[in-house]
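The structures come next, written out as structure tokens.
You will see two complexes here that share subunit A, one where it goes with subunit B and one where it goes with subunit C.
The block that comes next holds the complex of A and B.
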């Protein structure tokens, strides 16, 4: 296998620790306001509550007075941030400087899209932040106030909660990503609710901290320790999660059973940041046949389910995007019949990505596995004998 | 359109009927819908066979033709041109290979027959989905751009230039002749003195069909065989750069080589110890007819050290053994008082006169010393001490002067030029030919050819021969007054499905795909595309299709082959 994982993520030792007495969100917004006032950015792409409603949306903020509606960490993920950034930046380079504040999974999706030329990162500063997870969208829509309250509680305690979306509960990349993915990371862990930690993750991010006169003099150790603790807990949970799903889905039938309620609405595809095709094959005329062809098939099989290709759609979509799947959970939120789409995709992607030693969205340089061919790749499938020589090392 | 398919089964002498029941095949096919006629014939590729097929197409008013015969490599083109002559679009034809794929590989007659039936049925269903593709003709420019004014470039330019073909030659230094112009003499048994090179340069300079650009480099090359445009940068005396654009039909890369930098490895002592020279410095001494040490004194002994850089570079440079022998001969002939020691690792003397040249040097008293590995070269007082290992034992020799023979390495800017021309390099960093044995001067880019040491170490003779080969390629493809027909079975990209992710660009071997940055989509240049299909397979959005390998064509073909 070709994809040698680059060296372990290196986290800088120093950053800035700021007091969060005014409230975490307030402090983050103040930093962005300051950067706008000092013309370090011309606009900020950030989630915000649509005034007078309970809806959340992405907005490109220039007007400071609208900041009161902005929310760096909303309780739900409505539109995936990578998708929002793609629709904003795909068609060309930007002269102005933009800061985009996204959850880590959204940044990772943006980086995957960047590799596929669906996001243009010129003059865009990516800011990530520690993410406690998001609440299921359906829960929020049926009772916004309660869900907000529950989320606030989670945000204060940073403890696992069954009320979070299942993929968020086992998320492995909820914090700092890597040097070449984001530019600046905002650590909410550490002195929870008392302080926030700003960690530069690229030279651009470091320059930003200097320009804001925060500098990088403070130790980030406290944040790092707590982040590691939380990561360890999540690793235990993901092992159990994968085991449980594997037990349930030990055959193709098990997989199909999960997708049986599917009503073919293709919502999962429409909200997925990695489904960037102009038109899905399964939405095209190419899959439509004449009635006699269906009759023939029905005869062969005994019966035929309509519309055709419901299962094939999910398998096709999976084979197309699973190497870039960042387990953001958008598909599951969008499913009107509550299929655990994201959990299934997450379980499969975890394994396929491991086969290629590839973790999507971790840095801008790693080539997409299918664009990067080396002769030695998967030699155990092609030439078993040759592979044996290298096996001892690999086996570990 | 009425579908009248004609199916013809060729017997290929005894080849096919020995293993396949041809009559049964004919009978099976006759019952198929839309098949108007099924016939067998003994040798379809013979003149009689071609005449028969032509008459059939015309008489039966066929709309599609399927011939079941040999491999498409043998006769696909033969039958396609028969279709063309008979007024049927040649792409409404399908050849089914029942000889190699059925008759020759299945011993059981019944089994082979049933497989042939399946394959022909698949071909019939495929041909129904064929589109009548149209051939195109493109006007060509027959002029040639030669990059590099060394011996290889000069030779190619000389053989190509004429009233109907202008040659532009680009040289980055001030004069033509390249590395060879600095040599004292070519090896005695390989022909005349270096005047020959001078004569060639003069001939080139006086030719009205050659445009010589010294101090020049290629900045950009775009286009395809018969229609290239190149941007040339010429440095003028006052430090300015003049840019001009030329139109040519083909490009010859003759950028030659450089010498291995001896300072890269301290064992050669080059740059450290006085009186350690590289081969070109010694050539200069021969040219000035003064073999002197730094002190101004004449050396009493000279060591000729072979194979510098061979291990580092990983290949033998082929010419060093011979020119070391040349040095030895020179020293023995002109300075018999100088003792000559040649430190040899492996001999490379492949040409027919080389052996006697070596024997003569031995007779002249050259001391040949075999070494397994050079260890160190250092200054000891006035002398140079060379330490080496032979049979696991250390030895050393002391001499007044050491001449080290450096390996030939790719000339600088090779990588840059490869990028400009979109052609590959090999592991050693030289340009890579399409096939080392079978296509030794072509590149994946049709119309761009390679010659001389740009491909790897070569002697003068080999370089000149190769230059004639590149000229031959150009003579036969860019014929004045003739047009070229680009490949018809190319890929096409559906703009409304393309997301502009550029995956196809990374898999296109021929550089046929570019990005339309305004529309944000990829575009195929049909004149360059060779229809390999890489892009079709790679497109994550299914936006690319191959015109003669469409999904319905393949689907129908596979369906019937497996039914």
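The block that comes next holds the complex of A and C.
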């Protein structure tokens, strides 16, 4: 069987630096508008604010005059972009060319869904951008104006803010995605608010820059340096984040205590881009028993908690999809009782993905870890451990 | 002192190797710990994490998954996939502090009746030593 390929594309040295004097959002929209006008694309998938409301959603934009709805940097992530892309592309190939502007975690979800045949990427150009993070959806819904103002401030400074969603504060993939995930990256760091940097991340992206007559003649060094600085800060924060969660979980009933307020609504599953199953096992009848069984359990446990199977759902869901979890925060945004779902999933995905030497949503060719294997691996989980029996370590 | 603790262990055995191994242990009258309840599955790769977790949350003190030795799976590669999924579940239970030692994966062929008995007896001893599974007694679960 195939081994995991680990050829990460190196970030290119050259791209296009454009002035952002007119405002970052304006410049991004103008690029897309130009591409649409020149028929390089037939439509653009982009977040938009629904006019006269505070609601954000995705739109598949064809009419140039509607570009004023579009917002490439919305303060919230309402629907995970990977899910949006899947919802219209999974049932076949597109004839038309589409550009999709997504946050890096949404691109990564799209790539995982592509591997799972839930996204068809033919004729779709994926454009990522430096992501400042997103605000908690519930904060936005209760006070849109203040949340927008806070977010605007974050966008200007690019400093960490406690008002961002916790997973955003420790996000490790907020910028250019190594590998073959996206086609074009829009760098907002570097000369922030003065310039933006367009970095091609695939031959398709490079071609696009040529077609737009931007070319790839400018150095991307400034952007790269600043991106690295921010990345370093985030690494420090994630170490602290993981330590803290470890401490909490290692207390007696640590995990259960976190999920105790759960009302079993399965929102977290319904919004998760990686939970694409048409019928979720935990919504099925497979886990229902006869009443006597519940009486017996109540006796054994002293008291039986309802709704039933809450913990089974969370640990089970985790064991199904955590190797593809992109720490996007959608589950936590959707939880009506404020359980830190994505922080917990993120903490577990971080460690399990390391063990499986897999980072979801990077290289389109990397096999999904549960659809792959090598003959001699994970022997430490076998009792007795057979590989080491066969090939004892000489050094010892 | 309470009554001596007798564990409740669930064993998912693949039809082609481990179940046959269990059969051989029985027919050759090898002593096998009776705390194991055997569930026959067609292949170790049939054992979805849901089955293991449901067992642990609904009454089992330990879960044994047993299949053919690597390279010998009746469906050729089933046990390799099973091992990956098992390794993931084991890691998750470790991270979540949920007593990973209560689940075990073993390879037992159709001719290894003796090995079957040894593995089951040892696992039963280990689980007895660990005592009752707190998850099955926990009203939070």
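Operating definition for what follows: the second predicted complex is superposed on the first by the 368 of 396 C-alpha atoms of A that agree within 3 Å, B and C clash if a C-alpha of one lies under 4 Å from a C-alpha of the other, contacts with A are read in each partner's own complex, and residues count from 1 in each chain.
We adopt the following convention: contacts are C-beta pairs under 8 Å (C-beta built on N, C-alpha and C of every residue); 3 or more make two chains touch, one makes a residue touch a chain.
No experiment lies behind these values; they were computed from the predicted model shown.
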{"item": "Superposed partners subunit B and subunit C on subunit A - clash or fit", "value": "clash"}
{"item": "Which of subunit B and subunit C A:10 touches, first, second, both or neither", "value": "neither"}
{"item": "Touched partner set for A:276, first subunit B, second subunit C, both or neither", "value": "first"}
{"item": "Partner chain(s) touched by A:91 [first = subunit B, second = subunit C, both, neither]", "value": "first"}
{"item": "When both partners are placed on the shared chain, which of subunit B and subunit C touches more of subunit A", "value": "C"}
{"item": "Touching partner for A:355 - first (subunit B), second (subunit C), both, neither", "value": "second"}
{"item": "First, second, both or neither for A:320, with subunit B first and subunit C second", "value": "both"}
{"item": "First (subunit B), second (subunit C), both or neither touched by A:118", "value": "first"}
{"item": "Clash-bearing segment of subunit B relative to subunit C, given 81-89, 99-107 or 405-413", "value": "99-107"}
{"item": "Interface residues of subunit A shared between complexes with subunit B and subunit C", "value": "281, 286, 320, 370-371"}
{"item": "Subunit C contact footprint on subunit A (complex, rising order)", "value": "1, 249-250, 253-257, 260, 281, 286-287, 297, 300-305, 309-312, 315-316, 318-320, 322-323, 347-348, 351-352, 355-356, 369-373, 375, 377-378, 381-384, 386"}
{"item": "Subunit A to subunit B touching residues, read off their complex", "value": "90-91, 116-118, 276-279, 281, 286, 320, 370-371"}
{"item": "Residues on subunit C engaged by subunit A in the complex (per definition of touch)", "value": "48-50, 53-54, 57-59, 69-71, 77, 80-81, 83-92, 95-98, 104-107, 119, 123, 136-141"}
{"item": "List of subunit B residues in touch with subunit A within their complex", "value": "496-503, 506, 520, 538, 540-543, 551"}
